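Both complexes shown next keep subunit A, but they swap its partner, so subunit B is in the first and subunit C is in the second.
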Partner chain A sequence: MSLGLYYYFQLTAIFIMLGWTLYWVYRIGQLNNAPIAIMAIGAYLSAYAVLKWGWPFGLAMPFAVICGAAFALIPALSLGRAPAFAMVIATIALIFIMQTVFRNLPWFGGSIGLFGIPKIKSLLWITYGVLVFFGILIFRFDHSRLGRAADVIFEDRDVAGTLGINIYLFSVCLQVMTGVMGTVAGVLYAFTIRTVIPVYFGFPFLLAITTFIFVGGYTTMWGVIVFTPILWGIPIILPESVAVYKNFIYGILLMGTLLLRSEGVIDRRFLHRLHMNTGIMVKRLFRGLKKSET
Partner chain B sequence: MEIFIAQLINAIALGSVYALLVTGFNLLVVVGGIFPFAYSHIVVLSMYMCWFAMKVTGDNLLAGILAGVFAGTGFSFITEPIFRPLAKRGAVLGSFIVAMAMSLIITEIMSQKLNMGIVISFPQSLQGEEALIRFGAATITAGQIGTVVGSIGAGFGFFFLLYRTKQGRAFRAMGQSPFSARLLGIPIVKTRIYAYIIAGLLGGISAVFLAMALGTASSSLGDNLALKVMAVAMFAGVGNLGGGLVAALILGLSEGMVLAYLPGDWSQAIAFGMIMVVVMIRPKGLFGTMA
Partner chain C sequence: MKIFKILSIVCIVLLAGTCLGFAGAGKGEPASAPAVEEKEATATAVDEVWVDEWVFPSSNIITGVSAYHGMLNEFGADMAVEEINKAGGIRGKPVRVRWYDEGTQDSARAVAAMSEMLDRKPLLVMGPCSDVSVRAAVPIAVEEGVYSMCTMAGYPMAREFAPWTLTFVANDRDQARAGVYKWVELVPGMKKVVHFTAPQSGTWMSIAKAENSALQDHGIETVDIAVPYETVNYGPLAVRAMGENPDGMIFTSHPEGIAKIIVELHKRGWTDNSKFLLSQAAPVPELWEIGEGYLDGCYCWMWFDPNSENPRWQTLSKRHEESFGAPASFMMVWKGYDELHLIKKCFEDLKITGNPSKLKQERVAIRDYMNDCSFVSIFGPVDVVDGVRQNPTLLFTIENNRLGEKILVPLDIAK
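And now, the complex of A and B:
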């Protein structure tokens, strides 16, 4: 596999994971950007453990994940009850705080960051294994009682409360879970790029992930899977003179999608219709096969 | 002591511009029914227009000021139809995402097309760097006095409009309840358009004062300002017009003091750390979310 293709597959998987972190908390109507900040923690701590303490990747990853989960709990406990806006702004603020902290702490290399992270041979397999694991986890969540509870919270918080759903606990748990996902994404990102600098985990990164999820569709987990490879791949396919306008294209797509199709391209209705059409096609296929047999 | 005075003067000048920006931002939140993340980007684009007008007219001060003010008003006005459907269906988070997309587009235009992405520097005639008052080594420049006086003047003008005119009553009624405002015969769309124009006007004036206070502008300034404005709004309570003024001055002062007394670039972390603490203790801001 060429190096370009390796990076494409690897980063696509990481971006899908990050898209899911936003999607998962948005299931209850909260836009939590903290996973991007926690991703930075995962990337920096794992890189530091490997470079400075000489730990193997297998040990550095769980260490970073535990630290990331513990860190995710702090804002989660206080933001669980916060209004949607407060969460958006506070978590964006968290991204900037983490960037500033890493830029100013000499142990983490300041603005230069950490570099020379060793190459992991089977990283692509690990990344896709983790991606499938998180995918199954979210799919099972969506199709369980918890998923239905999340739907009720999204539609009407008062009704959800009346039905006995503990919205605060729900929000805290989802924030910590997405924090763990963000940390894992951060570790994988660090070992893919093999350099960690504060600029990577900033606002433009958040904007790109937001585009992937809101263009793809934020009401299902499939929108991110389909649209991340497309949107992330567009600038690679386009000629360089056009590719420099990547953010412009993202902005137009994001704005157009939200104005014309408010729930994104792959929404629940789209999935329902797809499911129905696939069912009809399979039935027709079977009928045709039976007729040819008789 | 002289450093403290110099930083205090700087902080008051910057804080007064933040106050003006937050007032425009809050007006769009309360009356426009949206979360205008791209408002600060429009202000920075207006700064570019101010710079361009001065460059074309050979550093004509009046041309620069008028270009900045008109650009702010015009750009804000043309965004209204984009946000109208979102405001109509009460999709506030949706409006935040659309505004984020808009900010992405504006930043891209500034970084790719305007001055080839290079940082712009405003002429000395606009910055007003001549010292008018001296305290030892610390000085108060004409630009700083102009910024503070101008911001206070614009702020007074806005609050006069808000509390002493019929249009201001319509704004406040919309802020309380658009539904009730409609029942009372207030034209919703027209009032929103006026809110965009006035917010744009405040943005345009802020653009000129920012050009005076900072002396330079770049494409990344939009994101930076947007986060600070949101932070101030959050600190005071989103939509709280009076609280925004106080919070803006607090942010300006704390930033100035951090820059003066802490090593490294900690000013952003301190400002946003304050926001985190306020959100954690009082999720609706220090002064609540009243219109």
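And now, the complex of A and C:
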């Protein structure tokens, strides 16, 4: 596999994971950017454990995930009841705090960061394995009682309360789960790039994944899966002269989607119709086959 | 609603069509240097050039808030390409630069750009430019055995990847110290200095550390104030600095921030500009434009001379003034220019062929040559030692909103 393709696949998978972190908490109407900050924790701790303590990747990753989950719990406890806008502001602030903390901790190399992280041979397989695992987890969540509860919270918090849903606990749990996902994404990112500096975990990520999720569709997990490879691939697919306008293209797509399809390109109605049409087509195909047999 | 639906479908189809159409066009461009295969039958002599055109991949800041830097890089490189091609190219073949966008402080984009460049099996890569991109992307080039001319990156960022990197930002620690030593000598009696720093940049922080160490050598107390890139209102930073009652101030941050802080300080009663020392990256059009009327009398240490009389520099500077309204003074504008002239000298001295069968061998030869060489830069002859360009330290005074008189400072002043 060429280098370009390898990094395209690797980074796409990490972006999908990050997109899901945003999607998952947004299921209850909260826009949580904390996973980007927690991603830094995953990246730094795993890199530190491998470089300074000589731990293997297999040990460094769960260590970072446990620490990331513990850290995710701290803001989650106070942001559990926060309305959408307050959460956006608070979690963006968290990104800055995290960058400043890592920049000022001498063990983590300050502004110069950590480098020389060893290469993991089957990282692409690990990444896609983790991606499939998280995908199944979110799919099961969406199609369970919890998913339906999340729908109610998204539509009307008061109604959800009267139905006996503990919104606070629900939010805390989702934030911690997305924190875990963010930490895993951070670990994978650190071992993909193989250097870590605080600036990595900032606005470029936030802008990219926000575009991916809102263009792709924030009401289903499939929007991120379909649109992340397309949007991330824009500078690769397009020639140099057009690719320089990638931010402009992102902006137009985002505006256009919000105006024409406010829930993103792949929303629930789209999935429902796709499901129906596929079912009809399959039925027709079978009927045709039966007729030709007789 | 139906109209909207039809419109959205038409838009999506058009976009997809454009993508596919242009994708085809993109692939049709001439191949990069070692990938020209049709020459195989005719290339008989050992040293004969294999390629029809030298295409050098360059990682550049094309999008994002620092896109201006990338534009300057392209500006200088374009002039070099024009000059080189007019003089017969490199070993008789024309030269072209293929640009790849590394974004602004975007590690993922930098890695994507580098991997795309490396897929074309280049002899070397120009860039990456920013510290973030160097940190993220150069390890991949090192692994592939490709030399990176990440000349804009500070020595502390690039040195980890030696001998696979070239930096034009020379030993900034000694140079920064020398600049501060001279400034303290010219402005005696300072007891406390406020230092505006840019914690986002590893290079600037390492320069700031060196500057502080020089101040501490003189028993001067230092107070650091961080200037985030995203700052909107610089007033509070100025108030905080004035609150420290300092005798002088050093500015090692982004030019816009420096200019705005100086304006705010003046509004709050500061008068003596000789007690301001600006770090080497400050003098760009932004600084002159925002700080107009407030900068005269400040000192600025640099390691190249924007007032150089060298005709090549004069030509570039004049063109810059025609395009951007101020003479060239920022390193980014001559980065690509010097890189291409160094490549030309290197390829001609080593008789690089671009033959794919010699790719590995030629990559190593280029690395060894560029790490220790001499070439004629846009300012005149310079030496490169261990992958680091050797530059003088110059202390300028700002006069009439431009760099004025200069003092050449020997490096050993701070040793």
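Operating definition for what follows: the second predicted complex is superposed on the first by the 293 of 294 C-alpha atoms of A that agree within 3 Å, B and C clash if a C-alpha of one lies under 4 Å from a C-alpha of the other, contacts with A are read in each partner's own complex, and residues count from 1 in each chain.
Definition applied: contacts are C-beta pairs under 8 Å (C-beta built on N, C-alpha and C of every residue); 3 or more make two chains touch, one makes a residue touch a chain.
Note that the structure is predicted; figures quoted are calculated from it, not measured.
When both complexes are superposed on subunit A, subunit B and subunit C clash. In the superposition on chain A, A:90 makes contact with subunit B only, not with subunit C. By the document's definition of touching, of the two partners only subunit C reaches A:238; subunit B does not. Legend: residue contacts after superposition of the two complexes on their common chain; A:7 is shown touching subunit C, with no touch to subunit B. Within the superposed three-chain model, A:100 lies in touch with subunit B and with subunit C [touch as defined at top].
By the touch criterion stated above, A:194 is placed in contact with subunit C alone, subunit B being left untouched. Touch criterion met: A:113 reaches subunit C, while subunit B stays clear of it. Once the two complexes are laid over each other on the shared chain, residue contacts for A:262 go to subunit B alone; subunit C is not touched.
In the superposition on chain A, A:286 contacts neither subunit B nor subunit C.
Touch criterion met: A:247 reaches subunit B and subunit C at once. Within subunit A, the residues touched by subunit B in the first complex and by subunit C in the second are 100, 103-104, 244, 247.
Against subunit A, in their complex, subunit B makes its touches with residues 35, 82, 85-86, 91-94, 96-98, 100-105, 107-109, 112, 223, 227, 230-231, 233-234, 238, 264-266, 268-269, 272-273, 275-276, 279-280, 283-284.
On the side of subunit A, the complex with subunit B involves touching residues 29, 31, 75, 78-79, 81-86, 88-90, 92-94, 96-97, 99-101, 103-104, 203, 207, 210-211, 214, 244-245, 247-248, 250-252, 254-255, 258-259, 262. Interface residues of subunit C facing subunit A in the complex, by the touch rule stated above, are 4-5, 7-8, 11, 18-19, 22-23, 25-26, 29, 62-64, 98-101, 103-109, 111-112, 115-116, 118-119, 131-132, 135-136, 139-140, 143-144, 156-157, 160, 199-202, 205-206. Touching subunit C in their complex are the following residues of subunit A: 2-4, 6-8, 11, 15, 100, 103-104, 110-113, 115-116, 119, 192-195, 197, 199-200, 202, 204-205, 208, 234-240, 242-244, 246-247, 256, 260-261.
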